[in-house]
Amino acid sequence: MKSRNAELQSAARMPLVEKFNEVRRYSVRLAEPLSAEDCGAQSMPDASPVKWHLAHTTWFFETFILEKLEPGFRPFQPAFRMLFNSYYNGVGEKHVRAHRGLLTRPSLSEVLDYRRDVDARISRLLAQSDRSASDEICRLVTLGLHHEQQHQELLLTDVKHLFWMNPLKPAMLDTAFPGAGEEMPLRWKAFDAGIAEIGARGEGFCFDNETPRHRRFLEAFEVASRLVTNAEYLRFMEEGGYQDPSLWLSEGWDWLCANRLTHPLYWQAPANDGQPWREFSLYGMQELDLHRPVTHLSFFEADAYARWADARLPTEAEWEHAAEFSRGSRDTGASPFHPSGMLDDGDELAQMFGSCWQWTSSSYAAYPGYAPAAGAIGEYNGKFMVNQYVLRGSSCATPPSHSRTSYRNFFPSNARWQFSGIRLARS
Amino acid sequence: MKSRNAELQSAARMPLVEKFNEVRRYSVRLAEPLSAEDCGAQSMPDASPVKWHLAHTTWFFETFILEKLEPGFRPFQPAFRMLFNSYYNGVGEKHVRAHRGLLTRPSLSEVLDYRRDVDARISRLLAQSDRSASDEICRLVTLGLHHEQQHQELLLTDVKHLFWMNPLKPAMLDTAFPGAGEEMPLRWKAFDAGIAEIGARGEGFCFDNETPRHRRFLEAFEVASRLVTNAEYLRFMEEGGYQDPSLWLSEGWDWLCANRLTHPLYWQAPANDGQPWREFSLYGMQELDLHRPVTHLSFFEADAYARWADARLPTEAEWEHAAEFSRGSRDTGASPFHPSGMLDDGDELAQMFGSCWQWTSSSYAAYPGYAPAAGAIGEYNGKFMVNQYVLRGSSCATPPSHSRTSYRNFFPSNARWQFSGIRLARS
Amino acid sequence: MKSRNAELQSAARMPLVEKFNEVRRYSVRLAEPLSAEDCGAQSMPDASPVKWHLAHTTWFFETFILEKLEPGFRPFQPAFRMLFNSYYNGVGEKHVRAHRGLLTRPSLSEVLDYRRDVDARISRLLAQSDRSASDEICRLVTLGLHHEQQHQELLLTDVKHLFWMNPLKPAMLDTAFPGAGEEMPLRWKAFDAGIAEIGARGEGFCFDNETPRHRRFLEAFEVASRLVTNAEYLRFMEEGGYQDPSLWLSEGWDWLCANRLTHPLYWQAPANDGQPWREFSLYGMQELDLHRPVTHLSFFEADAYARWADARLPTEAEWEHAAEFSRGSRDTGASPFHPSGMLDDGDELAQMFGSCWQWTSSSYAAYPGYAPAAGAIGEYNGKFMVNQYVLRGSSCATPPSHSRTSYRNFFPSNARWQFSGIRLARS
Amino acid sequence: MKSRNAELQSAARMPLVEKFNEVRRYSVRLAEPLSAEDCGAQSMPDASPVKWHLAHTTWFFETFILEKLEPGFRPFQPAFRMLFNSYYNGVGEKHVRAHRGLLTRPSLSEVLDYRRDVDARISRLLAQSDRSASDEICRLVTLGLHHEQQHQELLLTDVKHLFWMNPLKPAMLDTAFPGAGEEMPLRWKAFDAGIAEIGARGEGFCFDNETPRHRRFLEAFEVASRLVTNAEYLRFMEEGGYQDPSLWLSEGWDWLCANRLTHPLYWQAPANDGQPWREFSLYGMQELDLHRPVTHLSFFEADAYARWADARLPTEAEWEHAAEFSRGSRDTGASPFHPSGMLDDGDELAQMFGSCWQWTSSSYAAYPGYAPAAGAIGEYNGKFMVNQYVLRGSSCATPPSHSRTSYRNFFPSNARWQFSGIRLARS
């Protein structure tokens, strides 16, 4: 007996090949403005080189599909099994995460060969496999594509961090900086108390961490109509937000003091009075646009801002419940690669998707009844469910067709290099 | 207008003085088996010297009550305001936490003088204060006593750690080791899905983090009838529990590898085959009693054990909901200072209180509508609501009258020096 | 055949018992102003608790003399062999250095019992031992006494550091602060080029690192007539000494920046203009006396000051060669416990002994032909001959009869808690 | 008045241009087997990327010559002044050393353009400059070339380390592995006590740290006729050398334990009994050749081996004095890039140059009368004269014409990635 999910995919076999080609090409296209040198460097242990992202996403298809299901499987290069294993203990040895930037071999060109080889073999498998195998293949290829889309966003945030670390502050993109933001008052949308359902509905793909759909009791709450802007965050800074411990979680205050932080990541203070703040973007250094959403904040900063603003962060259940009432498009088309300040006119809840991920107050935990998949692939999500906080929505760097209401992103409370912003809530 | 809480306390003014004297005396009594040298040392930054606990709990009364409400207040020693401030930024400067063991001055004897002085002044205040002030005084004294009771338990776990670090492995107590455990099968108690109320009911004292009482939707679940025993945990170890990454949260596995852990804190492996494991207790080194509950586990270990046992940790809401149906006494009388394996016969849920704190899967977070108190005293709980996990119940080191169903204890996921154990749950 | 050294000692057996009693009593006398609590704490891994010093020096006599030479030897407490072993791998296991402050047991009172027991047994051994054994006994007892004298100085500098770490800034001594310094011009004493002999002459006791006496070729050089004063060092500070990297060794500059240093250890900047600097002493906080020698400097600071002053530090050979021409007393009588600014009138080279140890530019290395003793006792000096710098002379904390021209003290280049100062040299 | 040095160089102006071109070309030639990706990575803070070496050596000419002496100087790229400043505080800001591997921009190709531009301008300056300026130019160009030669060796040892960190263990060179070693007995050459002169004689170029030539008194000593071999070092290992603390300096033993070391860097233990040890080389993994000199040892290992062998390391004065009697060529022609075991037949002291640098027991310190140059260029050597040990001779990676008897190389006592070996001495 097949699952409805597999049936849907099975029915859509031909589109899956096309989807496969499209997603795979998009990764390579993202790397096109970069040199082989740019693709090799790792700016911090949390980030990975572009070349590594290109290889690891390929490894995922090779290891979890070809190795298992391709007749007469032979690895492209046996050493890659270890070199490009990210964290799957079930697969075996892994290369040290912090040393990914030292892998000058294989070259970018060899990695691109690796991609082409695996692409051809997966396409062949999708075309030839008999009916019974193909359900599993479709399921795994679909998972591999969503996995690759996650890395597409990481590739961008990792390059942004790498270029920021370079005193030359190079721009990744030489196209026009996306249009300016517009001012708009912050309104509150209210929701009544009651039982809400959250989690994936089973229509289309989802990660295991979005299941099972289940009930939550929510007390009455309100959610802000848009994200917090740079102008608002500047006021928090100017009124001493980074100097007042009473606004901060204790661990956040210690973190802030130890790192002497006074503003969001990628901001550069004005050299002289009267000059504007600047911020680093994938388009290079830019004047800070006051009406765009503030981004590159840690959970600690988002939480402190909310306290200062007499509000709080939403829980992830509140966010998801609210999102189901939002008319905003989940799929925002081509990524602008920088948070746009433009607002979906007329929507009560703007910027839910496609601008900045939104920190919630929820720690990343299993839904009631959650069970990870068997085997190494079950290491995808469940084992990270500790000491991380959930972000909801999607960002300006999320690839097309990778957003949904039930999507759960998660990062540690001090992570700042993602496009992470603030949507306020209150009781 | 007075709160019902204040009224209750106000009505019970005389008993509060007695309660005050009793709680304050209990701290001193706990330190009696210790020398001044024992009371001065700090075994790790997370722990504090006994002398510091004795002084800081006194500082709490002096700073939050006398300084504010005593007519003509003069500090016992002005420097103590900074020396014994734990983490209240609102009070001002604090002595460096990791350096508490270097405060050989003031001496233990001066700290005991400090206690006597503040005790006398608080007693006087309680006796003399006029009606309107006394509500606030009663409220604050009550808070101070519960604060002191928390430190009474910490005092014991901190001494245990200190003595463990001493190769002589001294015993704190020379009384008889509490009686042996008895074997008992583990049964499951089932609860139906539905809306549960959790949080303090407003009867008697509670900390602010237990409020407000609110609704949660719980899916159907089962809870184990007793805690996991040393025998069961040994089987987990013998079957490779500490060697199999698939049982562990990713961060837990890294922590375990970095610290080369293979068993709970305070356990000592047998020197030869056939000999028993031993464990360190406040009564010195003892043979490991297989039927007692396993204790001194981190969240990571509790979680890994649960996964190995095809179960999970309860959420704190599940725990509290179950506890409301338990007949077990919340107040377990005199503390035995080591988890007893004795079971409350006939109770469906044994060892909820008085044996080991029970890790839940819930990260420590604010209840919906939670608001900390204004001023420095509001730093008591709220600012720690990040990257910690909730433990429920109480332990063999919890002082009498300091247990309740809604009580929320919390520690980081790698903390092991508390009397922390495992109660399993399943869906 | 006996060495001349042993003969001298053998001839002087009765005085050795007296010397033994005198030195052993002096350690206890130093600790008299301290409480048991004061004696237990360890302020940093480099320092040791007073109680540990009292026990370890006793351990030295027990392990290297009684264990080997006492008929029917039984240890005072078998665990002490490991607990109070400092760094002798040849003796076996050692307690972790950084955890010495956690040994609240044994108590100070037990350690004093230990001292009395070992004292009695050593005295008996000295009295009873037959002629042939007694040469070795005398040699080892003499070594043990010089070892104990080294710890007497460390005990004082370790207490000073401990009390400095206490915000109460307690005074160890309540006697009068030693008399003020007098101003005196700095003169230079010249020495011609030629072959000099350095190293112990074999008259009286020396450590093995002072041997063998050997020849060095010295180019012509000059040495300053006195130590650098606080006034001079203040000028270095005021003229930007701590802000100019060109004055510093590269590693010193990195150390200074990482630790944000702007003045010597134990100095406290004036709260307001016009007020004096203050410095912490064993007599508590005191106004900085401009004419006393500057002390508590690292090698890096001493070297930077010398460069600023268009001079350099002497080599240890230059220092020793010069010292042989100095009329200053090697033995300066009762220790004042703070560097005195008083000058030995009429001496061309004042303050060679009894004020501050003097950093030399010489790294601590073996003399040509140096051979450590066989066995564990050979670990005394030789194994530390790397990455340390030699200090010469003696200090205000050096015990009576523990100074000599050939004495080699040594510390890492960033150590500041000894009474270390500067004598300039130039070519 | 001109120095004799300048005169010599002035007379040889045309050859200097040729020398300049030859040395500059050699750097580029060394990098030819490497991709741009290989040239960008930094394997540890102590190492630098090849691209950085190529840029920094160019920066040296631009900053210290063109900026000062080129009429109408305009920088190639103003940001390079900071980006490629290694440690010259006198020049101004520096890029963070540990982040050199993050400079994916400028590209390798831009750096090669930078080299060509500066090469042309220096050549022009050498050709055009008038007589009086040209002495300084010649002096500085000559210094720049020797500086570049130092980086040529570092480039090789840094690539070796980078490739070792890659699990693929790539070979840098695809030419034949240099010929095998031959067995030869170790003999001792004796030297009488007396005054020796050491330091540069003033014939040809030397670094400032080799001056002034001065007298040292040397006691009689002997020096080994060749370096310690892999076979000899293996015996040390097999006889427990890495397990016996009595052979090690205390700090060395701590370092060894903390890093769990049991063999030299780049050695790989046999997978099975009977198989040979292997070692990583610039030619990839190779079977360990027992007769070649052991290399990639720290000072600690060299010192421990010497102690085990009942010998010691020579002082640098002993080494230099001995070297003046050696007939071995200082200039060993083309570098083999791996220590050859071939011996200069008939020479009493073989392998003084061109095989492995030889650790001495001398800490790196100023010679009597040493004075660094004025200005930023004076930061070249003097400021590193602390906590480092001198190595003498030269290695298989030292470029042609960069060896001399008075040359002083220096590294910290735990550095292992240079071609460092052992020549024994004894008294």
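Letters A, B, C and D name the chains as they come in the text, with residue numbers starting at 1 for each one.
Just so it is clear, a contact is a pair of C-beta atoms (placed from the backbone, for glycine too) under 8 Å apart; a residue touches a chain by one contact, two chains touch by 3 or more.
None of the values given here were measured: they were computed from a predicted structure.
Graph distance from chain A to chain D, where chains that touch are one step apart, equals 1. Chain geometry summary: the mean Cα position of chain C and that of chain D are 38 Å apart.
With each centre defined as the average position of its C-alpha atoms, the distance from chain B to chain D rounds to 59 Å. In terms of their C-alpha centroids, the spacing between chain B and chain C amounts to 47 Å. Distance between chain centres (mean CA atoms), chain A to chain B: 38 Å. Annotation for chain A: no residues touch two or more other chains. Every pair of chains in contact is given here: A-B, A-D, B-C, C-D.
Those residues of chain D whose C-beta lies close enough to touch chain C in the complex are 87, 89-90, 193, 195, 214-219, 221, 245-246, 248-253, 299-300, 303, 312, 361-363, 365-366, 368-369, 379, 383-387, 413, 427. On the side of chain B, the complex with chain C involves touching residues 35-41, 43, 79, 82-83, 95, 99, 101-108, 162, 165-168, 170.
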